[in-house]
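Listed after this line are the structures, all set down as structure tokens.
Shared between the two complexes below is subunit A, which pairs with subunit B and subunit C, respectively.
Moving on, here comes the complex of A and B:
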């Protein structure tokens, strides 16, 4: 019996699931995810769908911020582009299953353009530029794209082969499938050449440039990919809701996304984003319920949470979990 | 097993399980043949009663006294969607109080179906802060967690955007929004003329005061509620020879500075009348600056923008310069009349002082009362089987049957399938120099379908 997990081939070393615990966790997680709606009921499904949508959006921001090191506070508005593209296409009779990928591609294109300031700006200045982008997009939503404070999405565009996709099990499994595909893709980005280039740009863009990485292209790709995820999340949000309005795509949403990444674990695209989405989305719902009479308190709690993680645990929840895992892996020995 | 094989196996398993579950699993349906994955309408038609596990609604055998032979009582889950913290909370808080007091009052007094079964309203209240996206979230909570059969709702944008969904889910929706867009929606009801009809009635009143008057419009250009009657106002004004001389944006959550800026924009056009289409705080602030700048105009304020508190916010200088539109006499002016007595009784039961009973409180009370009227016009069997659809049909039975009256508060109301405009008359409420409100009318627009001018 081997005294540990040894990788004897390059393929094994590069595998997506490298340890038995990963495979066991994946199977257990998928079993829970697949059985969840049967046990949870329709309201539980609604909540799970909302969580998965935010998880996808958080993975997108994690590519931009966690992997490529570019701060963005426009993820909420980018999600809005995906949602509104789907809504407007649906109003023209396009089925949402067709509209959602188109919305994601549209958002990726917009995200690519909006990423242009990152070629010249860094840090706080880039954050400010992204807030400006958020404000401009919000203005466009209010004035031109959705001037009536909401768009109802026609039912018939959510029906395919007689199955209504906007609610219940069909919605859940569709969103789950999209989430798994997005997570698989994200997991592969991190270990690909593109992902390594993004990490190099994040750590030091001058050094990255010196070793031959095209910094401009890498940053643009990060924004486009992050926006693709935001667009996908927006499209699925439009699918899951009877109507959409710009109130769901404000700076608040962008800040929530940033909180998900920082609290979950920047750079840990799948597990970090999942933990962040789970913590912030669930926490936000609980806070909203607990402090319904005074909304300011929930913002203070959220702000405090972000501050604590930035200062005390920059690796996020995933960092805490990793240390716990290491402790138990070696237990009862210290090293 | 390699990782790749494992992933492929998992993917295949997911597709198979998801497909099987989607086709064969019907949550909460019991013996029902409904399918959540079939077409939406079919899924709702036969969907099961709320289960005691997931919803507060139950039917249970009871020894509670009830008229007739029935011994059951029905607990009917209803959603209450209000704005107590958003930009319309200036009127939303009292409306919410009225709704909750009415629920308490009717639960205590007793609501009985046509066949004598007692019904209790189990209310779930949510404050959505006038954010339509939050309203959608709460709507899903009402529908999927509490399985409500009716919702007493609030704003225009959210009610309009949810209208198709409520029709699809067969949930009765009684709103505080009187948007003309809702008049033709099958599951939307309100005990008032729509905003457009109300505004046209106000313009009718203008024509009795002055020929070829100049009218300025003051409202939030981004808010669906404020914008709702504008197309009708423009069309009807054209028909009546009233000239629109200004169209100025006044934020719904206006500060004094916003109101002053908006009023200064009007100065050059020298309007004879000003339409204010927001809620009370912003309209009262605008009226204050209209008086301060010495404009000779008379301000006409939409139903949610004018009530007993208006002079307190705007100041007494506005006396004789502001009128409001109201489909009903306000409670303070009809305390002892049928209908109004119930409003005060509801307040008393909820421990709300008499002086806090105002128009907004009454509006909340009226919406619940309309729901109660629907319950009283249906049988327990219909209510349990058809739920929201039974309530809708009950209200629409007034079309050719007995009209619905909320005491003396409303005239006889008839809701017809395809047209839920219950009546067309409004009062013009003038704040006089004697520090009292005077009710002129009732009046209604003639020879013009104002609701159609807005909803097309």
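Moving on, here comes the complex of A and C:
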């Protein structure tokens, strides 16, 4: 906390919007998000939808990595579970608005099971377990669930009261609404008892268990919540694309998610994830468009960013922004 | 199949030992290891394509592997001292991507892969048939394995490195150059990665998929226990036999089972015996 700023009541200290910058950022962000489709063309809307989908997934991974301190490299495959659940339900004629929550719950169940090994494993062991899980799930996608690299989702399951939800404004506002709900939920996790338990486990799990936190349950819950978000992201991905293939849910996607969290700001669920998704996803789209960049450059930029941020700036972009803000808040005085 | 298991077992051991050496000194996993093997194998490929001869190519690959290992220690592992082990995993994951990008960019038209030379002769030992490239791969891998295990076990340098891995503060108290020895361990790990990648290239040709085999070798590492050295051979063989025989018996029901066998082994080991066969259990205190 900066010098000279005091919270006098517990309520003020625990409020959802604690600092003026929160209010300003929220108002500006909401205005941009709501007015964006008016200003941008259909390409811009598609990009924005993709950004929001990745933002949701990154928030999920941020709960696991940033709050609970467990590194997970299975977020891409979990997103795939959500997407495939929605696709298969849609093939049986279930409307997507019903299928997406079901897909998210399904993914959360899988994530909970994946989180169970954490009662024995910690740190790098869990990271390796998640790599193994990612590989095994990828294998299952390739062999059983989607052997032909592409499941198309029936057009009529995306229609509700005559409006087609898979494209344009309807899609954008639906995804935006889901994102806002997810963001509010994430912000509330961060400032509730569950979130504080996760932070305690992240900082030192042995002392967390000494003060009476059920470490296993907290970790499994973090995984379940992270997977819920991944499943929601996957479901929305299936809504936004006419067909889905396992190529979108590989280890590369998982690493991209991890990059979003680490670059944006681990532990800063909403704004950190948003900055990360903006930098990694949209930044990359712009870069690829501007310089006709290829896969090699993508690997180099992404890998370099991850390594540099982990070594030099563990707080991520949001840490840099906060320092800049603190510098200018009382400028030209230092405190 | 038996031959394949034996050759793969030795190769997995070499690659997995690289993970273990790093774990011993830095207490975390070096996820950039697969790409060290890939970069070194491609360096050898490019060198031999330029007509430098196999031994010169192998030398270049070893130097590159050793150099990347040292640079990783200096640039990534040392600044992260005292941070949680997860930080090193994330950072080396970044280097994984970085090296892959560099490899694609630098090799250019060679990226599609190629063969490291022709070793056409076929050798028979009993009922087991080895091709020339198998023998060459085995030779490189055994030399690498013998060199590093031998140094660790029989030389004063090896004793010093073991001491640093065991207890850096105590080792520093006895006047050992802890930083240099840590860097050297990373260098040896890089060297093992390079020679393992090279052996892989000799056996099956250099291709962009080499790094996925190195990732599978992580399962061998876990089987043996992350801080064991000679035990790694057992881990490598168990992994390769599981893979080959599992694929043989199950491929009718689970096509391509060999691809995921390593990861299933990894998950099972992590759940049942996280410290492996020969690893020491960690006891945590506050």
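In this section, the second predicted complex is superposed on the first by the 316 of 335 C-alpha atoms of A that agree within 3 Å, B and C clash if a C-alpha of one lies under 4 Å from a C-alpha of the other, contacts with A are read in each partner's own complex, and residues count from 1 in each chain.
Just so it is clear, contacts are C-beta pairs under 8 Å (C-beta built on N, C-alpha and C of every residue); 3 or more make two chains touch, one makes a residue touch a chain.
None of these values were measured; they are calculated from a predicted model.
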Fit or clash between subunit C and subunit B when superposed on subunit A: fit
Which of subunit B and subunit C A:255 touches, first, second, both or neither: second
First, second, both or neither for A:91, with subunit B first and subunit C second: neither
Touched partner set for A:242, first subunit B, second subunit C, both or neither: first
Partner chain(s) touched by A:145 [first = subunit B, second = subunit C, both, neither]: neither
Touching partner for A:105 - first (subunit B), second (subunit C), both, neither: neither
A:296 touches, of subunit B and subunit C: first, second, both or neither? second
Closest approach of subunit C to subunit B (Cα atoms, Å): 6
Set intersection of subunit A contacts, subunit C complex versus subunit B complex: 142-143, 295
Of subunit B, residues touching subunit A in the complex: 2-3, 6-7, 10-11, 13-15, 17-18, 21-22, 25, 27-28, 36-40, 43, 53-54, 84-85, 127, 129, 131-134, 136-137, 139-141, 143-145, 156-158, 160-165, 168, 222-224, 227
List of subunit A residues in touch with subunit B within their complex: 15-17, 23, 26-27, 30, 34, 37-38, 41-43, 45-46, 50, 142-143, 147-152, 154-155, 159, 162-164, 166-170, 173, 176-177, 180, 184, 241-248, 292-293, 295
Residues of subunit A defined as touching subunit C within the complex: 69-71, 73, 117, 120-121, 123-125, 127-129, 131-133, 135-136, 139, 142-143, 204, 206-207, 210, 255, 258-259, 262, 295-308, 310-312, 314
Subunit A-facing residues of subunit C, complex: 28-29, 75-76, 79-80, 83-87, 89-102, 104-105, 215, 218-219, 222, 254-256, 259-260, 263-264, 266-267, 270-271, 274, 284-286
